[in-house]
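Some structures to go through are shown next.
You will see subunit A twice below: alongside subunit B first, and alongside subunit C after that.
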Partner chain A sequence: MSLVLKNVVKKVGSETHIYDMSVELEDEGFNILLGTTLSGKTSLIQLMAGLEKPTSGEIWFRGKNVTTVAVQKRNVSMVHQQFINYPSWSVFENIASPLKVAGLTRATIDERVGSIAEMLKLTPMLGRNPNELSGGQQQRTALARALVKDSDLILLDEPLANLDYKLREELRDELPKLFTDRGCMVIYATSEPEEALSLGGHTVALHEGQIVQYGNTSKVYRDPENLRAGKVFSNPPINIVPVSMRGGKIHLNDLVSWPATESQKHLDDGDYKMAVRAHHVTPVQPQGHSVNIQGRVLVTELSGSESVAHFELDNQTWISQSHGMHGNNVGDLARFHINIEHCLFFDPAGNRITA
Partner chain B sequence: MRKYKWLVPTLYILFLMLPIYWLLNMSFKTTNEILGGFTLWPQEFTLVNYITIFSDPTWYIGYVNSITYVVINTVISVSVALPAAYAFSRYNFLGDKHLFFWLLTNRMAPPAVFALPFFQLYSAVNLFDTHIAVALAHGLFNIPLAVWILEGFMSGIPKELDETAYVDGYSFPRFFIKIFIPTIAAGIGVAAFFCFMFSWVELLLAKTLTSVAAKPIAAIMTRTASTSGYELGLLAAAGALTIIPGAIVIYFVRNHIAKGFALGRV
Partner chain C sequence: MATKSTNQKAWFFVVPVIILVAFNALIPLMTVVNYSVQETFGNNIFFFEGVKWFEQVLHSERFHASLLRQLSFTGIILAIEIPLGIAIALAMPKKGFWVSVCLVLMALPLLIPWNVVGAMWNIFALPDIGLLGRIINGIGFDYNFTQNPTAAWFTTILMDVWHWTSLVVLLAYAGLSSIPDAYFQAAKIDGAGAWAVFRHIQLPKMKRVLTIAILLRFMDSFMIYTEPFVLTGGGPGNTTTFLSIDLVKIALGQFDLGPAAAMSLIYFLIVLLVCWVFYTLMMKDEAQ
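Then we have the complex of A and B:
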């Protein structure tokens, strides 16, 4: 029992931002809201914070119905994607602001701001104005303000999205440490699957205002319950192709087929959708069972340690991701290997079929 | 070519400054000298015009009156416009866009249109010839202007700032006064400046709505021209002094004005 949404709906004008949503989030560790833009992450965060009221439904927090409780009374903290600080105040005053509102004594405020600033490496900047700081330091200030009070619920809305790559990695490594032993619940919205995986905890996969899957982060990644969860939780996008099962063999097309493996034997004859992650479609033959296909290369991206190729087969675009440099020329026919042990099967409606 | 690149700015400044110079020049001359012939600078330098203005109550009270209603107007305009601009920048409500545009159309009607109804209305409620009457009348064009300017500045502040403050525990009034107003201080300065200027230079309504007790300096200047002959030196001195408040205000907001223009709101 921690944060519970009961049939929450949020409509703004004629648009529905959140469709009838019910979920019970874990009190421990990170709860990650994973979804692309317009998936409803920010709407959900605003509902959880109490900045917006749901159109219908109830929100319960630690056993209490907080649906109509004002945000000021909820004891929550929040960090936005944009670097939001009070520009007319110094970094110290920014961090101290929630404590001042709470009416703590000067000495307590000094002490708590001092220790949180130390933790976030902001001590030398305390007297400066937030606008004079770098993006990373501005976001650290916002984080410090969120952490300085003993909130029950901390909401982070893509806090790293506006930072450059290096700062993002640095802060991402620090984040879990900041929240341990605080006795607070953390909700973390992100659009990046890597971020979700590195933070762990539990993940709510969102798609167009609906929950497509909720569970342990690594389980949601490994075992998507439906195609949409698989799509949300994949970068580069997961390959989804139609296949059919006939007489113990799985047919990708007229030329490519393979005998069903041990984990695929349970499939009845019929049409399916098969999903396979880009890194299981490689130019080099992987260990274990694989089949090879030939496709015409459309786009290649090299990033030093890995190569991504988009290729076309039967009017279907595939994406391959592999370690090392595999420079295929655009327009060439190239051979790729599908690791068939890592294929996931879904019925035509998009629901996962497991044994 | 390069040798003459000082030429254009010099000419520009020369043309800009010429009328002001001429006004100052006249203000230090005697009326006889002004009427007597063409002189580039005062032949008989005199401060008597300024002394008259600062010693004669019928003169200096004009400045006091003008400043009084201009300040009242600026305070009213900005304090009324702040919540209005906040609503326009943060909320969607029925007809908000039309209402916002309609504010601007208020500036399209010449003040002369309102002179007669205002005269009648203010007389009827016993506000004729008071400072507050002129201040309220000038609100007709200054409040829409202030709303328009402030909305631009407020829309430049992300609404996440408001949310952060609420999450921190600020109530709306406390957030608005302690955080939001300091954040848009530059915008308030620019809005106040324009309210001040437009109220300061407006003559028609100010003249129509006053007779003795709240008569603005500009009205006193026109009176002098018509009754006691041509006291040109005195008029020039009064004119020179009339420029000063605007110059002072412009000095304080000079760094923010460009931002107001950049927002396309002025």
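Then we have the complex of A and C:
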């Protein structure tokens, strides 16, 4: 266990940014902080970097208490959402800056900057000024600056958020390769579930300054422990509806019900919240067990390869996501199929109920 | 291919502006041009003189002297106000209650009418009854801005610094507040000191507002009239007779309309030239 938070609390004035947080992060691979804006990602990154000190609690890194160690002495590097480079220096000088501070020789600096620039495809831009470059190249420069020194901890605070779609995907595919075999720990904050899934590693799901779940990224996605983790880790938003279990049948409303499947039999009679991801609510009947519902279409979004429809049933808004083009006219009644094998059940307080 | 349709009626929308500009800029300017190429006598008698007045002004020692005074004055106040303004902006609080207090205090000198500033400093600096004058004399300096040229320059510069440094402060402060926190975090992680942060982050990020500040302060100080006119009246002797004061002396004191008109055009062209240089520099920077 490498980075450990022990009862960390961060208050700024009368506002609490981080509520009593304890977690032990893995040293290997990416550690992703996933949450919406104001979920505490940036506060947490700054605490981990040492830019801020916790109001109470301790932070341990690789067996040492670093709570009060200043950021310069921690050997960390950081990449921000904005493209942060020294404006008056060339790309080369920017990348070389941490090495110069460390007092390395000219030859070593040239060699290290050269190899990092090669890796990040910046070699032709080394002599140029960062503000002459495109956004993607500016962020590559910032990444190179973070990677060039052998940091123990690299923190990335939504590094791709300000890039356009294509550059984001391109850089996202390259990122894991850049960090392998570096012996450093990587913390990566993002608000996008797809980004978390494609980077893998472990995920800390954050909601309003609290950790709602921590674990292997794909496990957090597949098995949310509570409704908030499910909400944080879904795009489009996960459907959450009240259901009840009576006499071996699960009732969605007076008309729609189904006999509990093998994995739902353990539920006692009573009221529950059921969560089902948008891609398990489809206009085409899926294989396996499914029930169908009819709703009034509110909005449809077509992206060519995929269709998203928002529809209303019993004053509840549902979202359906499916492959291909399924155009519905707004206001029409349409039929959707819920894949009941992929429904997750939570108690009224929002905690997951598993067998 | 689509043809571009033109609607001549659009000109009507431009007419009010054309009339306005004509009356407040073009017509007065052309009047000056008219005077600058003629000898003017009473009863509206004029003789065409060509570029004679321009040659006379450009060769006159009086013009050279006031131009030199003007350049020295502008140079000195820029050298004081720009660094001082940046220093004050850096020292100002970044957030909290005191920000607005500081900003209001800073803006106060800018709100005072120029002739009032001159009158205030005139009284303030009088050696016998003025607070400043009494204190300086009390310390042991022989200070009298109505008789001693050095004292007159010192007072004029001090007055301009008091009046206009705020403008530089406000611009520099705006420039500083627009720098994202992330820059300072990055510098902190790199272990950069305060000077390095200033030299490599704050100063380059303020470049644009500082160019504007220098341009504005150049123009205003180069055309300064009211304050020194009220404070020293251009004296003692001619020692604080800056270009605009000299121009008024020629035009209204001696009623030499031709040379005065030629001088104002030369004066205008100098200001225009410097503004153009600044504008070009700024645009070049923007294009990057």
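Remarks
By definition in this document, the second predicted complex is superposed on the first by the 355 of 355 C-alpha atoms of A that agree within 3 Å, B and C clash if a C-alpha of one lies under 4 Å from a C-alpha of the other, contacts with A are read in each partner's own complex, and residues count from 1 in each chain.
Just so we're on the same page, a residue touches a chain if its C-beta (ideal position, glycine included) is under 8 Å from a C-beta of that chain, and two chains touch if they have at least 3 such contacts.
This one's a predicted model, so the numbers in the text were calculated from it and none came from an experiment.
With the two structures aligned on subunit A, subunit B clashes with subunit C. Legend: residue contacts after superposition of the two complexes on their common chain; A:N129 is shown touching subunit C, with no touch to subunit B.
Judged by the touch definition given at the top, the superposed model places A:Q316 against neither subunit B nor subunit C. After overlaying the two complexes on the shared chain, residue contacts for A:S77 are found with subunit B and with subunit C alike. Subunit A uses residues 46, 49, 51, 71-72, 76-78, 80, 82, 84, 86-89, 97-98, 101 to touch subunit B in one structure and subunit C in the other. Listed in rising order, the residues of subunit A touching subunit B in the complex are 13, 46, 49, 51, 71-72, 76-78, 80, 82, 84, 86-89, 97-98, 101-102, 142, 145, 149.
Within the complex formed with subunit C, the residues of subunit A that make contact are 46, 49, 51, 71-72, 76-78, 80-82, 84, 86-89, 97-98, 101, 129, 131-132. Remark: subunit B residues 92, 158, 160-161, 163-171, 174, 179, 182-183, 185 touch subunit A in the complex. Those residues of subunit C that touch subunit A in the shared complex are 180, 182-183, 185-186, 188-192, 199-201, 203-205, 288.
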